[in-house]
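Take a look at the structures listed below.
Shared between the two complexes below is chain A, which has chain B as its partner in the first and chain C in the second.
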Partner chain A sequence: MATTKRRRLSPGIWFLAPFCLFFLLFFVLPIGYALYQSLFRTERTGLYGELGTHQVFAGFGNYAKVFAEGAFVQSVLRVLGYAVVQVPVMIVLATVLALLLDAASARGVRFFRSAFFLPYGVPGVIASILWGFLYTPGISPLVSIGGHLGLTPDFLGPNTVLWSIANIVTWQFAGYNMLVIIAQLKAVPGDLMEASRIDGANAWQAIWHIKLPLIRPAIVLATVFTIIGSLQLFTEPLVLQPLTANVTSTYTPNIAAYADAFSNNNYNYAAAEAVLLALIAAILSFGFLRLVGGRRRG
Partner chain B sequence: MTATMERPTTTVHPRAKRRRLSDGPLSTRIILTAVLGLIAIYFLVPVYWLIVSATKNSTDLFGSFGLWFAHPQLLTNLGDLFSFDSHIYLRWGLNSIIYAGGGALVATALAAGAGYGLARFSFRGREAVFNTVLAGVMLPQTALALPLYLLFAQAHLANSYWAVLLPSFVSPFGVYLCRIYADASVPPGLLEAARIDGASEFAIFRRIVLRIMSPALVTVFLFQFVGIWNNYFLPLVMLSDTKLYPITLGLTSWQGFASRQPLLYQLEVGGALVSVIPLMILIVVLQRFWRSGLTEGSVKA
Partner chain C sequence: MTRRSVLAGGAATALAGTGLLAGCGTGVAPPPGRSDRRPGERVTLNFWSWVPGIAASVDLWNKRNPDVQVHLDTIIPGGSGGYAKLHAAVHTGGAPDLAQIEYHILPAFMLDGGLLDLTGYGIGKYEHLFVPWQWRQGVFDERVRTVPQASGPMAMFYRADLFAKWGIEVPKTWPQYRDAAAKVRKADPNAYIMAFPPANSAYQTGLAWQAGAHWFTARGQSWRIDMTDPGSTRMCDYWDELLHEKLILAEQDMQSGWFAQLQRGQIVSWVGPQWGDALLMGNAAGTAGKWRVALMPQWDSSHPAAANWGGSSTAVMANSQYPEEAMRFAVWLNTNLDSVNLLIKGGYGWPALDNAYHRTILDRPNKFFGGQRYNEIFAAADKQIDDSWMWLPTTASTLDHLNASIAGAVNSGGRLVDALRTAQRQTVDDLRAKGLKASGPGKER
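Entry: the complex of A and B
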């Protein structure tokens, strides 16, 4: 970038300033505030707290309590277990769909691509309401078809509800991730494919040796966003909550934090949970990027 | 994250040149289409169920087979939906448009400026700023919602339009996309020429840069629009007045009462369908913008 010059120093900052102001106010400040809040606890004065409340420095007391009480840790382990299944299923499905569409004849591709991508336009809340109906016996055609076949599918049972949630998320985002990968596939140079054909490579070899390595960045991107999405699982289980007792008030880290803040009015405790969740997400996503980045160099 | 200098336009190769399975035997083509068809059923059946169910009355919703019509009365249902609780559904729809449209518009403008500033000017701390913004992309939005609520409550801004709008003005991913795109597509020589002609920095940005960056800007706008439209946690935390609810929050509030007032099941289904239609049209029609912008995002990630 030889043309950018030192004397142009100030305009760049002016272009950046409006965004930075909002970023500081609504991204950096809240995280700082959550950190600060998490280090205090609220004490009530008077026998019933009628004389008001004040903040007392608690150090890492809230964090110690989060670990001691265990419900939040349980919820983290639950979403981690969920992610271990959900992330590979999502990424493999999206990659296969992208490669299938890339291989299919030109006619019909546009229809299928739109069909797969369509659920991305359905908000998580609506998708959950929708699938919630499809999971509920009495209204669900899936359950009634299952009944005719002699099956009694229980989508909302203690061991199945998590995977019913996984299905909602997969349904919503597989097509979106597919599109990210297709975008990258389009960038595969045509002459590269032509050369491989002349060299006698078949379609599978072309996929394995040319396409997959080239769409790697898109797959990495989709994986990181799926990991983060898995950790902040909230809407889907919350919407299913009225339908089943198996989604508890500490089912996922976000539901636990939400309940602690607004049902239990313990903001300090909830702030500690929010900070921990952000920390875990950062460790996992940067850890993953490091892992794949390191392998690339090797 | 090294940004390589590269034209953003994806080169289009003649389809004839690409080797496709469709060049192969007929049986392969039939199997492939069948597989794609089966997968399409998975993605489309819930939407089909929604359309069929939106035409039913409350009794048939539970009493008839879910994948076929029974006593269709779509217009009656839509009338019920729009008139219920003094047209609250229309109000929610308008709110969703205000939040998503307003939020995405401002977010795109801010991201365009920041992306251009990062791409075409060098100053101390530039990479530090960019890396902080990238870390923002990785931050779970929901971890922000709780502290944001506490801050807004202290500023007496919670439970207002601003409570949802202001945080929606920030799109770190938009800045990332805009920087990558500006890096690759805004020619430094053109800027130099405009400066020699005496154009002010802001005029250059408004007349030249924004025009060149428009494909990326459409993508950023769409991302942010859908993101805000679909967001649930932030409005849930911020808003208590039902008149300020976006559609998503409104529909779940009906869900809470439906066991006592069964009509609400029918309204919920109809409301879900109506809310989904505009967004679905938007994303399918504008698919090519998703694609052009997404390439930029993923190539360099």
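Entry: the complex of A and C
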């Protein structure tokens, strides 16, 4: 008994081992290290700690400070506000594009599919630089066209720059999410569509009653990606930072943690911020999954 | 390379956190006055820097010193991530022998224990070669911790052609500068005398420095933060007024939109650092010949003062196995005239080498500035800098706080001095978060 069991198990373990190893090494271990670091703080004597430096256990002191200082909380609220607008826009746009390309009457499907997907191939930094030029007064054609029409668009203003960032992100990822949804649309059985046509369903009815329910998993997936992406907003605001005074060093949770770790060199505090952000992302993602999952069961 | 493996062992056991490692940083340094190099042995020093054109100087050293070769690693500029890399390297014992570190960041590396105390290696005999105030930027607790390289004395770049066309006299005081700003607005509705960067706090720090502020001082073992002294307050109120009356433009400097406006004559002056000359020449080439340089406008003409923006040093890191050779290279790099001339060509800033103006290629007329020997002005400015300015171990966060609070004040029409007060409170918190003692301008809290 025992020998057969072992024989059956061992190949599986070998297949799993590489994944488990890297998962432990590059996922579990760093998270554990961040958790550990977030529980300590440094005490120093002298102006530069030259008379003594000690690492002391702080309990949840760093977490308390994150909440007390408020800048991080504000950054979380900012990205949540951003997500409330950005997630629906992104998902609706991706779904509409996917359905358009899937429509029976669509022309030039291959061209448009590539064209919509193309921005995803542009690295985030490059995309942000590119849009940065389009946002900067004095060199942006958009701003000068606006000027000729009597408008004074301010893409980098205190109340607008967040939506300029949302625009970059939508431009970049709508095509990607569209592709995820298209893949699922391709899996909609042809006989189902044929049956609906025979039963007299028009295109709208087919979308509403057949396609949308069947691509629901893909939409859920894209939504979770977008929620997580919103919370982790980093590249776009960081690249726009030199162009505007309105992207601060605590603009998004990730930028705040980055600044605290690497510019302020306060790893313990940054670790607490990172752990909190991971918690929030987990709560929101699993919360959303539970929400849609629950409805399905109901 | 053996140094790496020796240190790797020490670093692994100390990987527990920043504090423990800070202690370790100084622990791995060999006893002062000793080097691991045997006579005649050929060694290689690692050097991290991002200064444009520094490779030429390094090459020259390597040609002249076959036994002590310097391997230059060009890293991204400190503020953009270079310091993050260096801090991490210090923590893990993998720091290079030498690194580029700006004056305002040196105290942060003091906190790490990353800087070698050069006093025991006889650095004292080179002191007379350097500009005294720049030298003092690297002295902490009477120990010399770095070799100064360059600074950024500030003066006023201005468009002489437009000033003449619009009948504007070159302002010598800040009130005159205000009048000049109004005249520019009247002469051309698209033009401003300058752009006030709401989130480039190194700029406002320089302005406060000129106004006689001492934001950061030490009282015994405790830091005292005072960013709302009378000088800073006067400076803030002045810019409040210019902003409210829309005599100047609130816009980030040194970015593409700003350069475009310089090109078009829509921004006609810049109270900027000496190293800004390369930025103007490189990004507003079309305006060549039309610029001149004058001393910064003054608060009190009877006590002329200039400001400083930026400054950098060549630091020997605490874990260097060849500290003597590293120090010798750092001193040569920043005092040898051939090397300094190469660095000036690269646009590295104002030399820390004393009396550099007359001894180097700085003393030359320049076509971009209409044939003016414009560095003469910076040489004069350099002599007017208040040399007692100190930086904090948390300067980087203070500058971040200022960026946020000043931008907030400019957006909402609030007072700049209140923005400074906010940053002052945050700075005290930052220092305490580092486990240091700090207080605001009032009584001890």
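Quick note on the criterion: the second predicted complex is superposed on the first by the 282 of 298 C-alpha atoms of A that agree within 3 Å, B and C clash if a C-alpha of one lies under 4 Å from a C-alpha of the other, contacts with A are read in each partner's own complex, and residues count from 1 in each chain.
Simple rule for what comes next: contacts are C-beta pairs under 8 Å (C-beta built on N, C-alpha and C of every residue); 3 or more make two chains touch, one makes a residue touch a chain.
Predicted, not measured: the structure shown is a model, and the values here were computed from it.
Contacts of A:I139 after superposition: both chain B and chain C are touched. With both structures placed on the common chain, the touch criterion links A:P242 to chain B and to chain C.
In the superposition on chain A, A:T250 makes contact with chain C only, while chain B stays out of contact range.
With both complexes superposed, B is the one of chain B and chain C in contact with more chain A residues. Shared-chain residue A:Y48: touches chain C; no touch with chain B. By the touch criterion defined above, A:Q37 reaches both chain B and chain C. Within the superposed three-chain model, A:Y267 lies in touch with chain B and with chain C [touch as defined at top]. In the superposition on chain A, A:W171 makes contact with chain B only, not with chain C.
When both complexes are aligned on chain A by C-alpha atoms, chain A residues 37, 133, 138-139, 242, 261-262, 267 touch chain B in the first and chain C in the second.
Taken together, the chain C residues at the contact with chain A in this complex read 16-20, 22-23, 79, 81, 83-84, 87, 107-108, 110-113, 140-141, 197-199, 218, 221-223, 250, 252, 254-258, 260-261, 264, 266, 393-394, 396-397, 400, 403-404, 406-407, 410-411, 429-430, 433-436.
Those residues of chain B lying in contact with chain A across their complex are 10-11, 13-15, 17-22, 24, 29, 32-33, 35-36, 39-40, 42-44, 46-47, 49-50, 53, 61-62, 65-67, 110-111, 113-114, 116-118, 120-123, 126, 129, 132-133, 135-136, 138-144, 146-151, 166-167, 169-170, 172, 175, 188-189, 191-192, 201, 205, 226, 229-230, 232-233, 236-237, 247-249, 251-252, 255-256, 259, 268-269, 272, 275-276, 279-280, 282-284, 287, 290-292, 294-295, 297-301. Looking at the complex, you find that chain A touches chain B at residues 1-4, 6, 8-9, 11-16, 18-20, 22-23, 25-31, 33-34, 37, 97, 100-106, 108, 111-127, 129-131, 133-134, 138-142, 144, 171, 175, 179-180, 182-184, 186-187, 189-191, 193-194, 196-197, 203, 206, 217-218, 220-221, 224, 228, 231-232, 234-235, 239, 242, 254, 257-258, 261-262, 267, 270-271, 274-275, 277-278, 281-282, 285-286.
The part of chain A that touches chain C in the complex is made up of residues 37, 40-51, 53-56, 65, 69, 132-133, 136-139, 157-158, 242-246, 248-250, 259, 261-269.
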